[in-house]
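Both complexes shown next keep chain A, but they swap its partner, so chain B is in the first and chain C is in the second.
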Partner chain A sequence: MKNLENPFSVLKATEFTNEEIKEYWVDFGHGKNSVFNFLNPTTDLPKYLLGSKGTGKTHILKYASYPLQKLKANNDFNKILEEKYIGLYYELYGYNASRFKGKGIDQDQWNTVFEYYLDLFLADKLLKTYSEFFDFFKVNDDLLQSVLKGINNLFNQTESPLECKSIKELIDYISLLRKKIDSEINNVAFTRKFNLSEIKSLFTPGDLIFGIPELISQQVIQLKDVKIIYILDEIEKLEEWQKVYINTLVWDKRKPVTFWLGMRTWGYTTWTTKSTELIRDGHEFNKIDLDSFISNNQELYPEFVSNLCVNRLTKYFSKRGISIEAKNIKKDFEDKFEQYSEESVVEYFSNLGKRKELAHITKLKEKLKYVIKPEKAINSFVAKLIDDEENVLFQKYKFFKFYKDWYNLDSDNKRLKRQWTLENIMFAINDEFRKYKTGSNSIVFEEIVDKRKKDFIAQICVENNEPARNIEHSGIDSFIERSQCNPRNFLMILMKCVEIGNLRNEKTLEPEGKVSLETQYRALYDTAEWFYKTIEIKGEEAKKLYDSLQFLSDILKLYRYCDKPTETSVFGFSITHEDLSNEAKRQIGDMETYSIIVKDIKGRKERNTSREENRYFLNKTLCPLWGLPIKKRGILDLNRETANLIFNYTLKNQFESSYKKIRSKLVAPFLKEELTNSSQNTLDF
Partner chain B sequence: MDYSIFYTTKHKNLEDGSFEEYDLFISGFDLCERTKKIYDEIKSKEKVWLIFPQYKDIKDTDYNSYSNYYFDSSYEEDTYFEKFLGKYNVSSEIKLCIDITGFIRPHLIFLIKMLYMTGVKKIDFLYSEPNHYERGENTSFTGITGAVESVKWCSSENNNPDSDNDLLIVATGYDDKLVQKILQDKLRVKTKYHLIGFPSLQLDMYQENILKLNQTKELVENNSYTEFAPAMDPFITAQTIHDIIERDKSYTNIYLCPISTKPHTLGVALYYLNNFRTKPVSIIFPYSKRYNIKTAIGMKRIWKYTFELP
Partner chain C sequence: MAIENFIELPLKDQLLKKVESYMKSIWINRIDKNKLNNWLNNFEDSTIDIDEKEKLNMLFLLSKFSFLGDNEIRSLLKCLFRDLFKRPIIQRIRKELGDTLVLEDINKKFSVEFEVTKFVAIGGVSESGAMLMYPFRQENDEISEKNIILQSEILKENIGGQKEIALPSVQRYIFIDDFIGTGSQGKDKLKKDVESLKNLNKNLELCYYVLVATEDGLEELNKLNLFTSVEAVFVLDGTFKAFEEESRYYKTTHNGIDREYAKKVAEKYGQTLFYTQELGFGDCQLLLGFDHNTPDNTLPIFWGEENGWKYIFKRFIKKA
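Up next is the complex of A and B:
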């Protein structure tokens, strides 16, 4: 087994050896919460295991496969058979399914070749696996020849009867047939037609993959009633018509065979079979959606990923000859993470403000140039508004109230005369704030503090180019929340913490090591960037999705970092589906499928009309990219126009002007003229 | 197979007496000065521009002043070249020269395989080296990237149903979008090698390459290795691929993906032609329907590679 320098660096089960798959296995729960309680290999019903990337599908499927069965049973084949199944695992990327199309060949021919080849492809591992059982049980030659005779007879369309005398001979024969098809599929790119004698089906599709297990189950006593589970992973790699054939196999399966199909959520696109009958969840198969399963059992998820973390650390330390109890490993590791404190951030910037003018002050002065003349009066005006208040957060509260009151002034055409009015506002704010500070009743500022504190701390950090100070929540529990019920996201954050921490000489995994807030911030940001870059969508659809995500994040960022936020800690939005165009609905569906946004299952009624609204939140793993919060508090009501502009690709050219319109109401000096000023269309962020 | 026995020569221009007259000269039309210059100056009984539909910014008025060009609107290389052999007389004895500079990679590989299967035994390839790329490491060569697929006629003829010990060798280039697509598509391949162009075409290109590779590092954390082959040498590229593959005879399937320089692409093609009958080797590519033109600036020198095909 690998001696990993970073215990979290393996993020994909495919990078593990079989031994490591076993060693690093952590079940989601025990008893009824075990993954194998609902996958249950002893039932005949096929399973469709769905999940977004990183939910652990491959680890689960491989853990159930024959090589792992052998490992778990220490190569005792009798023990394997106690499980009453043999799991044959196939990664379908290796099938190179995209070969089976085009090249001047009509679809019917491709269908035939694909179906024929799939039997040959699956039969290889099937026969090799059975062969190991025959060796172990020392199946006598008479029985073997009887089995082989049965299998030879399955090739009923050969010109002369097949006479393979050993399993190896049979495997070689099947390999030869496969090679002929490989060669034809390749050469047809030039020849433009198949040499039909090379690819002629020698048996009916399904005969090998169902027929061989059926024969062996009947004839070899030890394998009687032992299920063969074809575990086909990465179904999403198949073309639509190829998935239809797989569904057909699921429909037509014969005992003792069944299927487990692993796929990305977005890869689950058809229920059709070749006969156009639809296979149905709960009837012909059971759908197991890992994302839903985890999010419906959120109380189990923290324990599950904590166990993953402890498992990795235990292996890491034991390989270094260090033996620590699991509970201590967890506590020691958790203690390494520096805790975030709002007070420290405020104190830091307040002290900084004593040495230089902070950005929120400079920005206010700039904005006041629109309304206060002469310009030299601005400095004294701002000084009066600050009123010797050194606490940077308190300054922000006052500025917010000032921006809000400024916006409410109704004198568009008499802006220059506002000076007296703004002064009145400023004095009133100072009076009110003094009440708040002295503990007298100030409902205005108590509400501001309650609703805006976190947003303003975020603003202070970002405005002063120190976004890393705005981590908001730190430590393992926060990472679990940010991972959005996805174990790979969680492991990626930890991997980054160790990697970046080591670069910063924090000696993360050594006894005196720590993980600073800066490291945690960088780890979260890098993870967000990785998640963003690896969204598995291709072609035009990718462009549409990334555009919508850009627009959505622009809007959410605007509401958090503007002068006059109207919502609190926004990273979600609500929409009424009937307001959306079909294109916008499709886009929202795609974004949900690819886990960019997460639907709030509760939903809510619209305030005025009582219409059902859907609420969505940005995936928390992505939030650091735009400095957005992760705790649900406020939610942005997207009206029909804005929602369609964000999610309807055909309207993308209108987004910018709409964005400016919204911005002009949220960012001082609240000028309608800004609609024509393209230089002010983005926030300084 | 020792790939180092093949000839590579470099030239300031075409006027140094090293270039014989060819029977047929083929070049990809990309509107770059360097390809036009070679096309105009090379001596050949017949010259043909290949007009690729992927270069969407090329208008027919850009090339229709030339008497001989070949165009097909199909994006797929097999369909694109379907009528080529009917139009041009290609025999095993032909003196053939191909300027690979303006080619689209899958088309180049398909053409080489087609010529090889037609019996052509010797081809001179030219590659004109740019002074630099338009926007350094941020140069974008492609539009939206679609599916990762086998290059037509270059999929494995010995596909192994077992994928436990698969190998991916990516000749890694500037276009990190393409590298990312490949790595994502072949995420499950156990062992991955990045073949980096070193020495690079220009001094700064190596660093730019590494910068690009770093942007994809989360996809390749483990079981991932780096090897080097000169960016302008197809023969050492083929040799390096050979050496990697020979290190572990138990590779179940081998995927080669050429997204770096065109000479690297030649090296990948050369390795494939010598091994596709016996090894489970495929060439794969992240296809795109749009390629940008005029991404390179200037012409530093011309490389000539003489292939003697198996």
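Up next is the complex of A and C:
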């Protein structure tokens, strides 16, 4: 067992040893909520376990596999068999499936070689595993010879009958056959032709992997009715035609064999079999979507990931000879996280405002140059609008109202003649705000405060180049929410907290340690960046996806950081699917598959037409990259034009002009001329 | 991939991220979080604001530090042999043979030249020159042990106590070292031996090649007319001086990063670390370190150890 300096640093089950898989195992829930309740190994129906990266597929599948069965049973094979199954885990990454193509060889030949090789690949571990059971149960030689005879007969006997006298001999023989194929594949690029005598199929596809368990189940009493589960992980690494063969095996499976297939959600791409029959969810297999399962059981997710965290910490401390009760570990750890407070942020910037001019004031002065002449009048105008108000947030409320009223002025008049109007607005705002401050009824400002407070705090932080102060929500519970039902995202945030905290000398895991808000912000930002950079999409599709994500985040950021926000705390959008082009629909589908956006299961009716609308939210893990909120309040209604510009890559060149049009309505001085001013960087605020 | 629309991280975090990535790669096993924190904690002034500004500015300098690890040094050693030594000789040979492209002829002549060449490790057996010879030989297949000698093996005394050339057949000596700062150290180490060699055989070719050198240091040594040539694989021009107006490190402006201010901080602490040479020997103001040592021309805030100062890059000082 590794003695980790950072208890959260292992983020992939593939990096764990079998002992660690067992030690770090945490079930999603108990009883009916256990993962193994729906992945029930005693049922015959194959399972397709789908999930985005980091949902824990490999950990689950490995936990169900034979090496773990042995560990859990302390090598007591009788105990293993009480589970009535043996799980044979295969990681298809190591199988190197991509080598079965090209090199001047006809695809039909590759198909045959792949099928043959896969059967040998599966049979190898199958025989090695059975062999351990035979040894444990001291299976007598007569029985063994009978089994071997049966297996020998599974091979084509026409030319030279196979006469393996022991399981080891059989395993060696299969290994030799694999080596011959390996050699042929490695050299075929030069020979451009397979040597048939080396690669000739000696059995019918499926005969070994189904035939051997069938035979042994019938002949070896201890293994009667013991299911063999071929657990094939990382199916997404296979080519489409290879997946078709796997589907065919699933279709053709014979008792006591069944399959569990683990794959990324985006890797689930075909239901076809070689006979062109389609396998169907609920009939030939059960699809288990981990993302949906976790989202549908969101009330269980916080406890599940908390347990993951406590489990890691318990191991960390016990390896250092420190024994702490689990409930104390949790509490001690939670207490280390500095709590975010809006009041502190406002106080900090209000004090800063006494020493220097804050960005929102400078920005307003700049914008007023378009409408107030001479320029020297601007300072006194802004001073009057501020009206000695020192609270930076109150200033922002007033400025917002000012921007809003400015926008509403009749745009037909020449702007330079409007000074008197702006002055009237300014005085009216001051009168109204005094009412609010003195507790008199000011519906206008009460509404502004209710709807805009969080957005304006975010704006203050970002405008003054201190985005880290706007963490908005801190501590473990907020990390759970930000992880968007993905355990790896959650562990990554914790790993970063410890790593960055240590660099900042916060001694995170020591008794006096803490995790400052700065560290928490960095951990969230770094996790977001990691998530962004490791989206598993390649080539042209990747370009399209990243373009759409940039456009979407540009729009969401604009609505949060503009002068005159019209929506409250947006990080989601609603669209009517009928309005979308096919390309835009496909793109939204892709973004959902890769967990960039998350669909809100509760759709809604469009206000005017009552058409069904779909609501999507940006994955909360990504939100820190653009300083977006994570609590659902407002939602952006994307009209047909904007939605298609964001999600349809064929229209990407038109996005910028459309963005400028939207921006000109949200950002002072609300100039339509800006649309033609190509030199201005309109993506700045 | 479009990443330009991200909210920008605060500068301190951007710098820490950069430093962390170095710690995981080129500085691995060299600098850990404790060393980094201890070093940053050297910069503690009486007021919190100033303390933070000092730390930020020093962190900025650290993020610009050039550290040449084993891999980088090996690459430079390859370049030294290929670009400074072999290529000019090949060019001359080709010219002499009427711009020939016949490899066999060129190789034949080059072998003759190579046969009369010795690569000399400057200084004693435990000094940087000698330490470089092992990887120098490993990285350049053509060189064998017989092509390398120590500086102390160039001359010998005859029975009458007079100096004479130990290997009279040698026509070319290539003195190898890691670094030239002001040039004074090279001069001190080599002047006597090189002058003796020249007196004994005025036709000798005497070259001084290093991995890295300052432009000023090279000029200083070339002015002496001691060597046939003095060259470096990588030359540090004036822009590598941390606090000069043309400093390459301050080309982009960052909020809170101030060249003049950083210079004052480096001077303030440097005074207690390297008396009268607060910005490094010869006022070189370098941000440079090697796997095997840190030159004293580098800012002392990085390597100093006086008065409880915690260094971040170790400088091994030669014991007398």
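Methods note: the second predicted complex is superposed on the first by the 672 of 685 C-alpha atoms of A that agree within 3 Å, B and C clash if a C-alpha of one lies under 4 Å from a C-alpha of the other, contacts with A are read in each partner's own complex, and residues count from 1 in each chain.
As a convention for this text, contacts are C-beta pairs under 8 Å (C-beta built on N, C-alpha and C of every residue); 3 or more make two chains touch, one makes a residue touch a chain.
This is a predicted model, so every value here is computed, not measured.
When both complexes are superposed on chain A, chain B and chain C occupy overlapping space and clash. In the superposition on chain A, A:Tyr93 makes contact with chain B only, while chain C stays out of contact range.
When the two structures are aligned on the shared chain, A:Pro467 is found in touch with chain C, with no touch to chain B. In the superposed model, A:Asn505 lies in contact with chain C only, and not with chain B. Look at A:Thr248: by the touch rule set out above, it reaches neither chain B nor chain C. Of the two partner chains placed by the overlay, neither chain B nor chain C lies in contact with A:Ser442.
More residues of chain A are touched by B (comparison of chain B with chain C).
After overlaying the two complexes on the shared chain, residue contacts for A:Ile185 are found with chain B alone; chain C is out of touch.
In the superposition on chain A, contact is made by A:Lys533 with both chain B and chain C. Superposed model on chain A: among 9-17, 153-161, 171-179 or 279-287, the stretch of chain B in collision with chain C is 9-17, the rest showing no clash. Residue overlap on chain A between its contacts with chain B in one complex and with chain C in the other: 526, 533, 542. Chain A makes touch with chain C in their complex at residues 462, 465-468, 499-500, 502-505, 518, 522, 525-526, 529, 532-533, 542, 546-547, 550, 553-554, 557, 624-627, 683.
Contact residues on chain C toward chain A in their complex (touch as defined above): 1-3, 5-10, 13, 16-17, 20, 33, 36-37, 41, 255. Contacts from chain B toward chain A in the complex involve residues 76, 78-79, 82, 110, 113-114, 117, 144-147, 149-150, 152-163, 166, 180-181, 184-190, 215, 218-219, 221-223, 252-253, 282.
Chain A meets chain B in the complex at residues 2, 9-12, 14-15, 58, 90-91, 93-94, 96, 98-99, 102-104, 121-122, 124-125, 178-179, 182-183, 185-187, 189-190, 192, 234, 492, 495, 526, 530, 533-534, 536, 538-540, 542-543.
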